[in-house]
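In the two complexes below, chain A is the common chain; its partner is chain B in one and chain C in the other.
Right after this comes the complex of A and B.
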C-alpha cells in the first residue's frame, strides 16, 4: 500500500462517517436530557403526594426514556472511538487535552447513569421510594454531566484555549492545572453547554406535549395527558427562554472566536459597521447583525471576503492578516518544526534554538500551513446559511406554541383548539430538524478546521484508504437506519398502547 | 514524591485495572453466548436474559471508560492502534453497538427484527466481543506492524504520524495463533464467569444443573487456551527500553518481568488461584453459589497483572514488529505531566464509583431471579 501521499477522498469519507454517526447520536441525546428532567419532576410529584397516578405517569415516560436511551448508548460508543480510528493524527496532536474530558466523562458521568438507571428500572419493588427518586434524578444528572464533558471537548475544538505546543513531543499540551480549568470552564464551553442542554430540554418538552396532544385529540388517557401537557408546556416555555438567551450568547462567542463561521451563518461576503441581519433573500433588518454579534449599535462584522483579504481592524486594534499571509506563515512554522527536530537529533543546539524561535513566532498560523488553497478556508455557505434559518425559525415557532399552550391551559380552553393540538404534534419531527440544524451550523460552519486555526481536517485524519472508510460508512448507515426504524416502531406501539392508567384503575375498582 | 515517571506507572496501573474489570464484566457476553444452550424453554431463557440484562450497561460503560482513559493517558497508543488496526476495533465496536439495543428491543412489540433477530445479535456479541478483545490484547505482547514518525506532521502531503504496514488493518492479528489462543481463552473465561454468575443470580434448578454441567467443559477449554498462551508468554522474547529510549529485544522479557516484580507475581498467582478455586468448587460442590465472587475477583487480579507485565518494568507495551524505534512504551506514548496529574485527581473518585455500583447491585440483586420474580417485576426484557 502506498502511504506516500494521503488519500484525499478518504478525508471526505471520514468526515461523512463522523457526520453520520454524530447526527444519529444527536437524535437520541436531546430527548434523554429533556425527558430525563421531566420524568424526574413527575416522580418527585409522586414522592411528595404518594398518588399512584404520578408513579404510573413517571413510569410511562421512563419506558420511552429507556428505549431512547439504548439507542443513545449504541450510537455514542462509536463517536468516542472514531477519534482514534478515523482521526488518528488529531488524537495524537491534541489527545493530551482532548482525552481528559472524555475519560472524566466515563468515570464521573457514564457510571452514574448506568448504575442508577438500573435502579430506576429494576428497583421499584426493591428499594425505598426516596432511594428510587434519588436514582431517577441521578440518572438525569449523569446524562447532564456527560453532556458537560463532551461539550467541553467540542468547545475546545472551536476555541482552543489552555494549550501549549511542544515541538519535542509534536503536540499540544496542558501546561498546568490552571490550563485544565481554562479548558473545562472556557466561555465557549459554558455557552455551548447551556445552549445545547437547554435545547435538549426543549426537545423533551416538545415530545411530551406532542404525545399528550395526540391523546387529547383522541380523548384518551385524559388525566395523564392533561397533567403531562401542563408539566411539559411550562417546562417547555422555560426551556425556550433559556435557548434564546444562550443562543444570543453563542452568537457573540462565535463572532469573537470564529468570525468565518458567523459570516457563513449570514452569507455575509462584505462586512460593515452596521451589518444587516438577513431574514431570507433581500428581506434584511439593517444593523441587526452588528447588534447580535457585538451587543453594540456600531461595530465591524467582517464578511467572508474581508476575512480572506484581511486589512480590517481587529478588536485588539491590530490589522487582520490576509489568508495568503497566514498560509505562508503557517508554511514557515511547519518548516521550522521540521528543521528544529532534525537539528536537535543531529545535536546542533544552536540551529535548534533558532528554529524553535522561528516556530514560536509563527505558531498561531501553524494550521494554515496545511491549507492548500485559500478557498478551502470558506465553509459550505448555503448549507450553513439555511441551517441557521431553519434553527432560528423553528425555535421561534416552538416559543409561540408553548406560549399558547400555557395561556390556553390557564384559560382552561385548550381542548377547544384542536388545530393547535395538531400543530403541537407536528412539532415533534420539527424539533429534531431544528436541533440537527443547530449542530450543522456549529460543525459545518467551522470547516475546514478540526481544531480552529490549529489543525485542518486534512492533517487530522488517519492513514486509511477510502474503500475501508466507505465500507464502514455504509455499515453504520444501514445499521443505524435499521435500528432507528425499529426504535420508532417500538415507540409508536408503546404510545399507541398508552399508560392505561384509567383502565387499570377501573379494573382495580 | 510524585514524579512524572510515577504518574506514568500509576496511569498504566489504572489502565490495567480497567482492563481487569472489563474482562471480568465480559461475563455478560459469556451469558449472551450461552443462553440458547442453557435455557431449554422460553421462561428460562427470559430469566437468563433478564439476569445479564440488568448488568450489560456496566460492561459497556467500562469499555467506553477504558477507551477514554487510554486516550487521555496514552494518546499515542490510541492514535496508533485505533487508526491502524481499524477493522479489528470496528468489529469489536459493532458487536457492542448491536448488543446495546438488543436487550431493550428484543421483547418489545414492533421491533422489526423480531425477538429471534435480536437474540442472534446477542449471541454474535457473546462470541465476537470477548474473542476479538482477547486478540487485541494479545497484540500488546505479540506486537503489530506499524511505524510512528512525528516528523511527518510537518509534511503537507503526508502528515500522518502513525502508519500501519498491513493492508488488512488489524485483521492480520487473526493470523497469529497466539493471538487467537488468547482470544479463545478470554471467550471461554467469559463463559466460565457467566455460568458461575447464573448459579448465583438465578434460582432455577434446571438452569443451575445445566450451568454446573457446562462449566466443566468451558473450564477445560479455558485452561487449555490460557495455559498455551501463558506458556508462550513466559518463553517469548519481548522488547525492553533502555535509557534514552533505546529499544532492544530481550529474551524471556515477560518471565523476567514476572519474577523481578514481586507485586505483579503475587497479583498474578493470587488471581489464578482465586479463579481456579471459585470454578472448581462450583463444579464439585452442588450447593456452592459464591463461585463468581472468587472467579470474578481472580479475573480482575490476573488480567490486571497481565497488563502490568506488558507495560511496567521498562517494557514496550505495544511492540512494533516493523521498527523497534516505533514501539510504544510508557514514556514515549503518555500524556504530559499536568494532564496525568489532573487525571490522577479524578481517579481518586474511582473507589467511590465502585462503592456506589456495589451498593446498587446489592439493592437490585437482593432477590435472586426466579420465574415468579420476573412476572412481578415492573420492567422486564
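Right after this comes the complex of A and C.
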C-alpha cells in the first residue's frame, strides 16, 4: 500500500481528533499557569501582611484554580493514546525524543504539582504560613515545569535537533547526555516555552480582571474586586510585555527554522529584502516583516513561491534548494533506507554501509520523499493568516485594556467607566479565542509536517480506516462538551456566590 | 522516632481531614473519577489499541514501521527478486 491507496479521509479525521483533543486540553492549561501565579502573589501578600483579607482573596482564586485543574487533569493523556493508535508510525519514529520529556513531565512535574496541591487545599490551619506559601508556589512551579517538558517535545517536532536517526530501529535517538541537553534547551523549545507560558499569564490576568469587573459592575465584593483588579491588571500589563517580547523572538525563530510557516502567517507569496507586514487586506507596513523576522532593516524574507522555487541565499550564504530538489533527495533517502535494511538482513555489510552513508547524506530531506506535489508543502494559508491576525489583534486589545485599567485605578476613576468594565468582562471569552488562535498558528502553520522536513502526516498516520477514527471523534466531542458544560456550571456557581469576605466580616463583627 | 511518627500522623490527618471536610471538592473528585473511568476503562480498552503491537510481530516492530514509511514514499521501493539480489 502506498499513500495513494491509504484511506486519506482517515488522515483528516485523525488530525481533526487530535486538534479537538488538543484544543480542549488547551482550554485549561493557560489558566492553570496564569491563575497559579496570581494566587501565589496574593498569598505572598497575606504572608507578608498577615491580613486575613488577602488569605480569603487567595483562597477564592485557589478555588477557581482547583476547578480548572480538576477539569483539565488527565485530558492530555488522551493525546498520548492517539499517538499510539492513530499516529503509530510517528510514535515509533520519534523514539525517546518524545518519551524522555513526557516521562520527566509525568514523574517529576506532575507529582510535584499533585503533592503540593494537597497541602495548598488541605493545609490551611494545619501547616505554617510559610510552608503553605511554599506549597502554593511549588504547585504553580510544578505546572510551569510540566509545560516546559511538553513544549520541549512539541518544539522538537518543529525544529528536530539533537537527535540521531537509527536506520536499524527506525527511531530517532538521543545518543548522549549532550544531545538530551540539545533537545531540552533547543532555541525553539526556549522561545516556545517563554511565549506559551507568558500567554498563560495573560489568560490568568484577563480572567481575574474580568471576574473582578463583573463584581464591580454589580457593586458586590468591592474591596475584593478592587484588590484583585489591581493585582490582575498590573500582572496583566507585565504579561503583555512578556508576550510581545517572546512573540518577537518566536517570530525570528520561525523565520529561521520554518520559513514556510512565517510566509503563511503573512500570506506572503513573493519575498523581498524589505518585506511588508500586512495588517489586513492592502493595509501594509513597508519593510516591517523584514525587521520583525530578521531584526535588520534589510534582509531577505522568502515568500511561498521563493521557498518552492529555491535559489535565494540562505543566512548561512548557501543557496536554498527548490522543492523538487528536496523531493528527489527525499526519494533517495527513502530508497537508501529500504536498500540498507534489505542489505543488512541479507548480510551484505558493504552494501549496507554504502546505503547508510547515502541515507545520512539525504536525511535532512527524508520526509520530502512522501510529498507527491510541491503544492502539498504549503499549509492552508487563509486559516493561518487569519489565526495570526486574531491572535495579534486580540493581544493588542488586551494590552490596551490593561493599560487603561492600571491608569484609571491610579487616577481612582475606574468605576466611572462602566463600558471599560464591560469590555474587560467580555475579554474573558476573547482571551480563549486568542490563545486557541495561537495554537492554530503554531500547529496548522507547520502542515504538512508531523516532524519538520522528516515526516509528513501522510507517513506519520497509522493505516486506519476512517470510520474507526470518526467514531472516537464524536465520542470525544460529546464527552468534552459535557465536561465543559459541567465546568462552566461549577465555575459560574462559585463566581456568583463570590468570596463572601464582606458578609463574613459583618457576621464576625 | 517520635518526630517521624508525628510527621506521618500529621500527614495522614492532613489528607484524612482534608478529604472529609471537602464541599466543592467532592463534586470535582466525582467528575475526575468519571473522567478517569471513561478515559482508561472505556476509551483506552475499546477504542485506542496499540496499533503497532497489534499489527507487527513482537521484536519486529521496526521492520513494520520501516515498511509502512517506505511503502508510502512517492516512488515504489525497489523490488527484491528471488534469490535476494538487490536492484541497484
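In the analysis below, the second predicted complex is superposed on the first by the 502 of 509 C-alpha atoms of A that agree within 3 Å, B and C clash if a C-alpha of one lies under 4 Å from a C-alpha of the other, contacts with A are read in each partner's own complex, and residues count from 1 in each chain.
Here is the rule we use: a residue touches a chain if its C-beta (ideal position, glycine included) is under 8 Å from a C-beta of that chain, and two chains touch if they have at least 3 such contacts.
Just so it is clear, the model here is predicted, and its values are computed rather than measured.
After superposition onto chain A, the partners chain B and chain C occupy overlapping space and clash. Touch criterion met: A:351 reaches chain C, while chain B stays clear of it. By the document's definition of touching, of the two partners only chain B reaches A:177; chain C does not. Residue contacts after overlaying the shared chain place A:106 against chain B, while chain C stays out of touching range.
Set side by side, chain B and chain C differ in how many residues of chain A they touch, and the one touching more is B. By the document's definition of touching, both partners, chain B and chain C, reach A:337.
In the superposition on chain A, contact of A:327 is made with chain C only, not with chain B. When both complexes are overlaid on chain A, the residue A:442 reaches neither chain B nor chain C. Looking at the shared chain after the overlay, A:11 reaches neither chain B nor chain C. In the superposition on chain A, A:463 contacts both chain B and chain C. Clashing C-alpha atoms between chain B and chain C turn up only in stretch 77-85, chosen from 59-67, 77-85 or 293-301, once the structures are aligned on chain A. Shared contact residues on chain A (touching chain B in one structure, chain C in the other): 1, 3, 6, 63, 66-67, 70-71, 73-75, 77-78, 81, 84-86, 88-89, 91-93, 118-119, 121-123, 126-127, 169-171, 331, 334-335, 337-338, 341-342, 369-370, 372, 458-459, 462-464, 468, 472, 475, 479, 483, 486, 490, 494. Across the interface of their complex, chain A is touched by residues 54-55, 57-58, 60-61, 63-65, 67-69, 71-73, 75-76, 78-84, 86-87, 89-90, 93-94, 96-98, 100-101, 103-105, 108-113, 150-151, 153-164, 167, 169, 335-336, 338-339, 341-343, 346-347, 349-350, 353, 356-357, 360, 363-364, 366-367, 376-379 of chain B. The touching residues of chain C, counted against chain A in their complex, run 10, 13-15, 17-19, 24-25, 27-29, 31-32, 35-36, 38-39, 43-44, 47-52, 55, 61-63, 65-66, 68-78, 80, 84, 86.
Across the interface of their complex, chain B is touched by residues 1, 3-6, 59, 63, 66-67, 69-71, 73-78, 80-81, 83-93, 95-100, 102-108, 110-119, 121-127, 131, 135, 166, 169-171, 173-177, 179-180, 331, 334-335, 337-338, 341-342, 369-370, 372, 458-459, 461-465, 468, 472, 475, 479, 482-483, 485-487, 489-490, 492-494 of chain A.
Contact residues on chain A toward chain C in their complex (touch as defined above): 1-3, 6, 63, 66-67, 70-71, 73-75, 77-78, 81-82, 84-86, 88-89, 91-93, 118-119, 121-123, 126-127, 168-171, 327, 330-331, 334-335, 337-339, 341-343, 346, 348, 351, 369-372, 455, 458-459, 462-464, 468, 471-472, 475, 479, 483, 486, 490, 494.
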